[in-house]
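Chains here go by letter, A, B and C, matching the order in which they are written, and residues are numbered from 1 within each.
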Amino acid sequence: MKKLLFIAGAILVIILFPILNKNMYHLYLMNRALIHAILATGLVFLTGFAGQISLGQAGFYAIGAYSSAYFTVKLGMPIPVGIIIGIAISVLAGFLLSIPSFKLKAFFLSLVTIAFGQIVWMLVINLTPITGGPYGFFGIPFYSVGNNMLSFGQVFWLFGALLILCVYIMFRIKHSHFGRAMLAMNDDDVATESCGISTKRLKIAAFGFAAGLAGLAGALYAHLAGFLSPEPFTFFESSNFVAMAVVGGLRHMSGGVVGGIGLTLLPEFLRFGGWENYYLMVTSLIVIVVIIFMPMGLGPIIENLFRKIFRLKRSNTKTL
Amino acid sequence: MKLNRVLVLAIVLLLGVAALGATIKVALVAPFTGLGSILGDYIKMGAQLALEEINAAGGINGDMLEMIVYDDAANPSTAANVVRRALFQDNVVAVFGPNMSSAVIGVHPLAQQAKIPMLVGATSPSFRYTKIPNDFLFRLRADDEVKVVQLVKYAVEVLGIKKPGVIYGSTDYCLAALEVAKVEFPKYGVEIVAMEQIKEGDKDATGQLLKLKNAGFDGLIGLTHESEAAVTVNQLRQLQIDVPIIGFSAWGVPAFTDLAPEAAIGVYSVQGFNPVDPDPAVVAFVDAYKARWDGKEPSDPAQAYYDGMYLLAEAIKNVGTDGTKIAQYLATKANIVGVQGELKCDEHHNFTNVCLISQFDGKDWKIINKMF
Amino acid sequence: MMLQDILQNIVSGASIGATYGLVGLGVVFLWLTISRINFANISSAMLGAYLFYTFYTMVNLGFFLSFVLSVGVIALYGIGLRAFIYEPIRKRGGGRLEFVVATLMLCTFWLNLIIVTYGALPKPFPPVFGGNKDFITIGSVRIPTLYLNIYLVIAVLMVLIYFILNKTLIGKSFRAAAQNREAAALMGIDVKVTTSLSFIMATCVVGIAGILLAPIYFVSLELGGGSIGVKGFASAVLGGLTNPYGTILGGISLGLLENFSTLYISSTYRDIISFSVLVAVLILKPSGIFNWKSKKI
């Protein structure tokens, strides 16, 4: 019941926002925020539930973005097909990246993921015939139905629906046999294996899922922005994505959503005239403070707030 | 009670500001953070100087100019955010920048959509009006094709380079220049003997230089950014490879020579601006800039945005603040003399083609040739 | 390719690589005691270079005083890092990942603080370690004085580190704390002091590296956010994260690998090659290739 109320509330907010706010800048920003929320949700799943670290999500983000751009522009495929291909290639790369995780832990694994992100980034720069390299990739089609271009508001509804779908899938996985095995693996790798559960399979799945969401996010971004260049796919972005997941709350369904939206909007709020140098400094400081004082993330705090507003009773909704 | 007082104060303040005359808001999009941000301050200080001069002289028909500065972090994706903010939230009448070519190509459709002129200092020939016909996009500097054509001409005809070796960076700025060089050299019957890349941030060019040496190059063509230019000439001197060096515009600024003051002696560069240019307009600009900014010397592209602000003021004075009218005026009628000489929109939507060939003497860049 | 060119390439590759190794040492010292990775490790190098630049070029304090002051401030920063980042996170139940993200953000913070205070333009570094034209010639190979100085400092640091780790009580408490924090505390080792010391050593060695690197990298933001940070990690990994000498060797081999890929394959794909090698090493030999005695330091 409560869960339904939450979802209904979320849907209501998503439906109302573009109707009440027609500012193109706000809508564009919110669309980017939803994209980041999708990506961060994947990271929450990978790190919070399956216990694996990735500092190379920008690599999957790039793969999704450039694949979809390439298949729609150069091969003339429709956008949905491009996006699905983007996700598929990303997931395959995710499977590949999960192999080192069988053997490596924590820091060593994070280094492999950093190297992965760097390699993808350098391929983006150097494979000029496919990616446009440093010149950029231009003329990527915008979302449309038939011959009608969608408005930013309609795109917002589309992204919102996709985000809810992603969170819902994650929710179902988490409460399945598979998800419980994953949480067990997060607690103790060896013990899980000795219960007859293949942790390899779990890791492949977790990396694949997170990579798929990052690929989806990248593809959505490509068609939203209309052009791509290598700059948004650096290690710096990968670390921002992890920061989103951690600030939102790694062990909460809402973590990716809260962190993704929050950390996309925060630097934009902090742009003040005459102080244009300072916003990133302040943003990073705020993230550090949040991590130190709220290691569980902002997700649970905001969930509590909602509960108070809707006067819901505290019960077993601890992790929704 | 308190709230009321604040409200009254706010209303009084607002009325006061309104009584002083309306303000005309313009946006400046430039890089101030991140690794690629060395140009932001020059751009801002150049534009700000012109704006203050215009306002001190009574504004435009009594209205004051106000500049809102946005950081694009040298990232086209961030530029797409802030240009939207400028156009759709802050409702500016014109946008200066971005200063990065890939960002310009990414965001220029927004200017068209909002019908607001966009005046940029980015230099890639790929968004010339003849290639991207956007009526709202204008360029305030000579583009790179103009500069590289002059560079190649000088390298072959005057320096007598017959086997040029190229060292180039990995950004669009470097690669666009390389494309032009690849086309221009064969026109003189000269083949580039070797092309080697040095990535932004690299600090060792030994391997690249040895390869050029083994290819038998007799002249170095430098198409990199400032720091890599310094690395390259330093190591060229250390390896005692003695060839003439001619570099692209990033090789002709203090950001390069400050880092390699000795090694840069004798280097030729094709510049868009030279602060020791004896042209009276340049002298006046350099003096005013130094007086306003604590003795700091201007560097390319400060002069471009300074000129740009005057161009915009001229347009607004004549046709008001309507974006479409400003763009039409800029394209057809605007004609002023600025720091870069006569400024007039050509068929590429470039306001100037000025460039200089200069040689570094250990302190300043000695002008050899100035071309308009 | 002439032999002389190959030797020349070895000299410059090894020198750049040695600097990666120095940065990697900062990673090793923290890993030894607290098993955490400070992703703001490289920021200490940038801070060291900018501090030295401030004291030497802007305030004119002379080499020795500037050096001591810079390293002193960096040491204080190391203590602050433990007191204001590491301990608060640990106390509130934050794990490794929280420390990783906090230090990643710290790296952004320092970069932007430097931009705000010094501007983004790279600054020339005073030629205190030899100018651009100073070099000695062995055979036909030229070695810049600067590189010789880097080797000298590395040698001194290595001896110092060997002495501290093997011959003093600090080294013993390091190893004890690394093996078992609680047990070490029970045995009367002040874990707090040990942790502080490891933070100081980690930040100071990278700070000194920053001052040494500044003539090559200039006093620039690249010291605090460029690829050198990642390459420092890579060197530490090649040394198995626990072996300081292996880390320097790891850095040198990384530098050589880079320069020879430039010479024989392509400068364009150089970084892709070195990162691929890093991944291969991590997967095939996660204990590091230059880690001959991983049990004893």
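Definition applied: contacts are C-beta pairs under 8 Å (C-beta built on N, C-alpha and C of every residue); 3 or more make two chains touch, one makes a residue touch a chain.
Keep in mind it's a predicted model, so treat the numbers as computed, not measured.
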item	value
Contact graph of the chains (line, ring, star, complete, other)	complete
Furthest chain, CA centroid comparison against chain A	B
Separation of chain A from chain C, taking each centre as the mean of its C-alpha atoms, in whole Å	32
Centre distance in Å when chain A and chain B are each reduced to the mean of their C-alpha atoms	36
Per-residue overlap in chain C, given as positions that touch at least 2 other chains	112, 115, 225, 268, 271
Where chain A touches two or more other chains, by residue	126, 277, 280
Chain B: positions in contact with at least two other chains	32-33, 170
Touch list for chain A against partner chain C, complex	47, 53, 55, 99-100, 103-104, 106-108, 110-112, 114-116, 118-119, 122-123, 126, 235-236, 239, 242-243, 246-247, 250, 277-278, 280-281, 283-285, 287-288, 291-293, 295
Touching residues on chain C, where the partner in the complex is chain B	1, 5, 8-9, 12-13, 16, 111-112, 115, 119-124, 131-133, 135, 142, 144, 216-218, 220-222, 225-228, 255, 258-260, 262-263, 267-268, 270-271
Contacting residues of chain B [partner chain C, same complex]	32-33, 35, 37-38, 40-41, 170, 196-199, 201, 203-204, 206-208, 210-211, 213-214, 226-227, 230, 234-235, 237-240, 255, 258-263
Touching residues (chain side chain C, partner chain A) in the complex	31, 37, 39, 85, 88-89, 92-98, 100-102, 104-106, 108-109, 112-113, 115-116, 225, 230, 233-234, 237, 241, 268-269, 271-272, 275-276, 278-279, 282-283, 286
Complex contact set, residues of chain B against chain A	32-33, 68-71, 73-78, 80-82, 84-85, 87-89, 102-103, 105-106, 109, 126, 170-172, 175-176
